[in-house]
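Some structures to go through are shown next.
What follows is chain A paired twice: with chain B in the first complex and chain C in the second.
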Partner chain A sequence: MKKRMLQKMAVFGLITLMVGVMNLHSAQAQEKRDFFKVGVVTSLSGELVFGGTVTKRGYDMWADTVNQQGGIEIAGKKYKVTLVYADDQSTPATAAVAGERLITQEKVDFILGPYASGPTLALAPITEKYKMPHITGSAESPLIWKRKFKYTFGTIPSVNLTAQGIIQTLAQDVSPKPKTIGILGIDDPFSKFTAEAFKAASEKLGLKVLKYEIVPEGSDYTPAITSIKAVNPDIFAMGNHEKAAIEMMKIAKELRFNPKAFVQHYGMTTPDFRKGLGKDCEYVFGNAVWTPNMKHQSTILFKTTKEYADAFVAKFKTDPDYTEAGSTAAGIAFQEALRMIKATPPLTDAQKDALIGALEKLNIMTFYGQIKFATEGDSYHCNAGLQPVALQYQGGKTVEVGPGKLRTVAPKYPTPSWDKR
Partner chain B sequence: MLIDGLLIGGLIIVVGIGFSLCFGVMHIVDFAVGEWVMLGAYTGFILVRYFGHDPMIYLPIVFLIFCALGWAIYPLIYRAVSGKRHNPVLMGLVFTFGLSILAKGGALSVWGYHIQSITTWLSGKSLALGPLTIPALRFSGFLFGILITLLLMLFLYKTRLGITIRATAQDREMANLLGTDVRKVGALVYSLYAGVTGMSGILIGALFSIHAAMGVKYCTMAFFVVVLAGMGYVPGVIIAGLILGLLQSFVGVYIGGRYNLLALFMVMYGVLLITPKGILRRGI
Partner chain C sequence: MPLKNAHTQPHTSAPSWRWALLGLALLIAFLLPWPLSPLWIRIATEVIMWAGLAQSWNIIGGYTGYLSFGHGAFFGVGAYMTGIVMLHLGWPFALGLLISGIAAALMAVIIGYPTLRLRGAYFAIATWAFGEMIRQIATILEITGGAFGMQLPSYLNLPFFYYLFLLVTGLTYLTTYLLLERSPFGYKLLAIREHEEAAEMVGVDTVTIKIKAFALSAFFPGVLGGIYAYWVTYIHPDSVLGAQLTDFMVVMAFLGGIGSLWGPFLGAVVVQLVNRVLWLVWGEGTFYLIIIGAAICTVVLFIPSGIIGLLQSRIFLPGTAWKEIRKKVKW
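So, the complex of A and B:
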């Protein structure tokens, strides 16, 4: 009996050893690849699929353009990039699992991060655990940067910085100056911080916050908007994603809520906002760190902002917004950091650490503007190279209305009432 | 605020009415209720895109399309909840949960991730009653909810077929023994439910936005209303819908929108603990 048991254990041990050797062999086989394997965690299903697809387009734009040009040139040789996607299903827990799978099973060289801040906050500790370089081309919550993750970077400045642009424009550059504001935010890491950023900027600039409401995603926003309408603020500012951005404007119109300015953040820059609201998107103010009209010039991948915008329209038949541009810029940041350290695929652990050092030193000009990651403070590893620009829908297009010198067109203020449009 | 609450209640009635009927007669907890709303909204959107005209015109067409869809799907549901299976209610739940995932995934594949919107001639219009502003589209949704409930009640209480449906709901086996084709009755109820819920999608799509994942919140809403109304008690849906609408409105204004779901869940648990047959004590 004991002998049979020993035999079984020996067979089991042998099988385990063989499997181990095979795995080692396949791992070694993977070691010899001559392309960069890039993991992408983003929302390809679930509530955030719209935004997930926006980031996917940005990342695909980078990878396809790099490959069309033969790959990333390092020490005279070009290395192509292959994107390996993992769906976070719009939930933070799945983002963590998806990231772990990309790192441990797919053995990717580095990771391009999720669309939303919630999944990014869940993925960052995983990339930290495995010492895996990770850049998000979309997430904007300041919570990510306050936690000072060594291996996580972001190309879009955090929302507490960007949201100031439009409030500053309205508080200082329009006449008659608004005095009061009502703020409504959705209860998710990005939207809530957008609302908080609007509040902080308003208080700093002397606007009186009459009402500040945070509501759950997917609820009927009518009672909250009714309560803000009741206090009659000069500005109605909304922290939300694209879907709620459309719904809140529809409700405001139905309730005949006529503040002097409607302010949004991310949602208003998406083509769906314009299509969903039609002429009702007119006069809405918003924020961005990038628009296709900007005049940035670069020597990396796309020579000008216009070249990027044209290539994007040709590929996807729609205008790019700043999240798509930020996602493409995330790829560019990796590509330039790899060139700096002359790292070839597959990356070793030491090269991944060196890549972090290179990203910290990176200071480049791209079609998206300057990329320079902060190395200290509350915006640790977030791009500090961009300035927020205030936008407004005028004639069906977004135009830059401030702040200060960034203005290309004067803001239309006050917004005419719904009956007079 | 009171008006807001009543109008939100109207929408809840529209979604809850078919769900309640479906549960009351067939004892099927249809997890796909929100997806019927979503598919109805997309159907309205497509009809408007290809044929033009106001989406409201398509309400009866969407009703007929979804009645036919419900009728076609019912044999599958019947197969899942009948026969030798041990727990038919659970089987129905699992089957419709699968349907919901299929519908969501299918919608995402067919129509993509873009957020769509439909506009009716009532969109953005409002009625002014002194200092009050009543959104016209929401008001029509409220009227629609009340009208559909009244029509369903008339059908259930005043027609022979309606009485047969109620008899089947009360005692399925006895109705079967007395010669009622319970399978056909089930198919009729499910197609009615699918038709009414699909039709409500047009109103909801015009009020909010249309996307593949929009159904989840209406599923939650339908559960709330059915628990409060009393499971399967159709007339209770009007009162339950209005209470839930008012609750959302008052909590949103006086306590804060972030406590809305908490308040709704507390009410639901309270009702389940104190009066499990609903506030009118007429449910199953």
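So, the complex of A and C:
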């Protein structure tokens, strides 16, 4: 029995020793290096893996292009970038562990943030604790900016601001003017914020909200769409992600629901939406802060929006959407802020603080549009440089139909009924 | 649900070396935050939290033999109660924890009263439906932040949360030991698990006993959920009321060995530590998830008595390993 006990204690001691060794590894002193080590926390597994992959493509696009050009030029010398990924497993708790790992073990210089708002809201206090600069190229929840985290920034304007563009276009720029709207949202943070933003914009612009429904994600959307069809609104607006966006349109077709306008937000800009619906995506309105068709010009990394879009298609064999562009732009924001303060790797704590100051002063034009982070108000540290644009599928691609001067093509309104397409 | 490989006999006094080992383990657990880096303190905190959750599930699933598939709801209720108490009422965190535990236990009594009259798959389905119901309610209520979730104040003190989780998880195990392994209450549960009709025939008020066990098994996840909310600072119906929470509790308890005191602890340590170590090594991809899944399937399929069953065998004695493996492993 004594022998057995000793053996058990030996196993126990071995485990303790292993933990100690792992800890020693993590406690290594900061190494000297001539490249920037960039931590990336995003969803590489779990239910948000689609979005995580989208952000990964955007971040990879930035890092690979920077490295192809020799690196970030600071005071006459070029420094390459290395991305160190940490999977947040689509959960806030793991996002916090991932942040802790990248900061304390990998000793990264700064962090590119998660796809979704939940993991971002759990990561932000960690970056705050370690005074680690962090830009999310994707998360859009207004909750992030309301907390006024000093070390967290975002390149995509919050969804409550962007969702207004399409409602404004439909309420003011089409004829005959629509008078009523039915809104269906899903109960995840992004989709519900989208639905709320549609509702707020409609009420502000004089549209009567006949029905406002929030339904659980993954449920059968048929009853909700049937109830909205029953009140016959001029506009049917949907707050959702890409998968539900396709499903809702298919259900609307099955039910022969014929509003004068179908309105989506994020989902309609993804290539999957076009592939999933085929010609049924035609006439669908949507919203974005960026499309590959835009004409932005820049001197940083990509000279034009088209150059970025072409490079992206060549690399990933698919069109970029605004989340991918926003993720690439997050990297560009960091590289320009680093140039401003002439910081070389590895960054010291003082340089990380200086980087925050530089990001707050940043005002640059990129392939993605203007990047200028708000320094006060409810959108604190969110990009205030972009204007939402209203989109519509015409001829199998998205075109800008408003609002106001942003229009490049007239909107096709009202949408023909399903049997007349 | 008879469990062939679980403990069926009341425990006799533990040998003194076991107490020495336990004392050593507690000492190491107490001293652990000193040498560990923040990352490893966080991982150790997670392991301890899961050990508490798996044991809580074990009270109803292992000792009582009633498989609850809605247990994550008690964790979520606790998380939201603490959030509401701190954010909306402005009361202290400690009070929030107490209210969280009581709220979860009360909810278990309310849910248990009708559902614990059901048996087998019916109870499992009823508790699963209850978990989903709570998730949907949290998604639509304004006080919970609905689909937007709830952001709690940040108190970024890793050792504080480590010790708090350690304390509550320690209490979970102490309660299990005293009430389920050492008291008539535990023997009644054992009787219910092994043969409920026979237990009724000898005068055990099975429904009341089961409701008490269910409430006890819900109290601790409620408190642990409250600590989790303050620790992670952001909660959402998907993160604290998702089905995967219960799945993890069940997997950990089964892997370690259900119906035993230390089985859920071992299961939690192995699953969470392997998960995190593989995540650290191969975190840039998702291959590690396949390894974890395969390992769990292997253990559940071939070693139904769990890790504790293997450890309690003579497998570690020289010359007996192969014989013991052949005996324990279900080929």
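Convention: the second predicted complex is superposed on the first by the 391 of 421 C-alpha atoms of A that agree within 3 Å, B and C clash if a C-alpha of one lies under 4 Å from a C-alpha of the other, contacts with A are read in each partner's own complex, and residues count from 1 in each chain.
The definition used in the following text is that a contact is a pair of C-beta atoms (placed from the backbone, for glycine too) under 8 Å apart; a residue touches a chain by one contact, two chains touch by 3 or more.
What you see is a predicted model; the values in this text were computed from it and never measured.
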| item | value |
| --- | --- |
| Which of chain B and chain C A:129 touches, first, second, both or neither | second |
| Partner chain(s) touched by A:93 [first = chain B, second = chain C, both, neither] | second |
| Contacts of A:104 with chain B and chain C, given as first, second, both or neither | second |
| Chain B versus chain C as contact partner of A:227, first or second or both or neither | first |
| Which superposed partner A:324 touches (first chain B, second chain C, both, neither) | neither |
| Residue contacts on chain A - larger count, chain B or chain C | C |
| Partner chain(s) touched by A:246 [first = chain B, second = chain C, both, neither] | first |
| Contacts of A:400 with chain B and chain C, given as first, second, both or neither | neither |
| Which superposed partner A:45 touches (first chain B, second chain C, both, neither) | both |
| Contacts of A:218 with chain B and chain C, given as first, second, both or neither | first |
| Contact residues common to both interfaces of chain A (with chain B and with chain C) | 45, 47, 49, 187, 214, 216 |
| Interface residues, chain C side, partner chain A - complex | 15, 17, 21, 24-25, 28, 35-40, 42-43, 46, 136, 139-140, 146-149, 151, 154, 156, 228, 232-239, 276-277, 279-280, 283-286, 289, 311, 314, 316-317 |
| Chain B to chain A touching residues, read off their complex | 1, 4-5, 7-8, 11, 105, 108, 113-117, 119, 123-124, 126, 133, 135-138, 207-209, 211-213, 216-217, 248-253, 256-258, 260-261 |
| Chain C contact footprint on chain A (complex, rising order) | 1, 3-5, 7-9, 12, 16, 19-20, 22-23, 26-27, 44-45, 47, 49, 84-87, 89, 91-94, 96-98, 100-101, 104-105, 118, 121-122, 125-126, 128-129, 141, 143, 147, 186-189, 191-193, 214, 216 |
| Chain B contact footprint on chain A (complex, rising order) | 45-47, 49-50, 52-53, 187, 213-216, 218-224, 226-227, 230, 242-243, 246-247, 250, 253-256, 272, 275-278, 280, 418 |
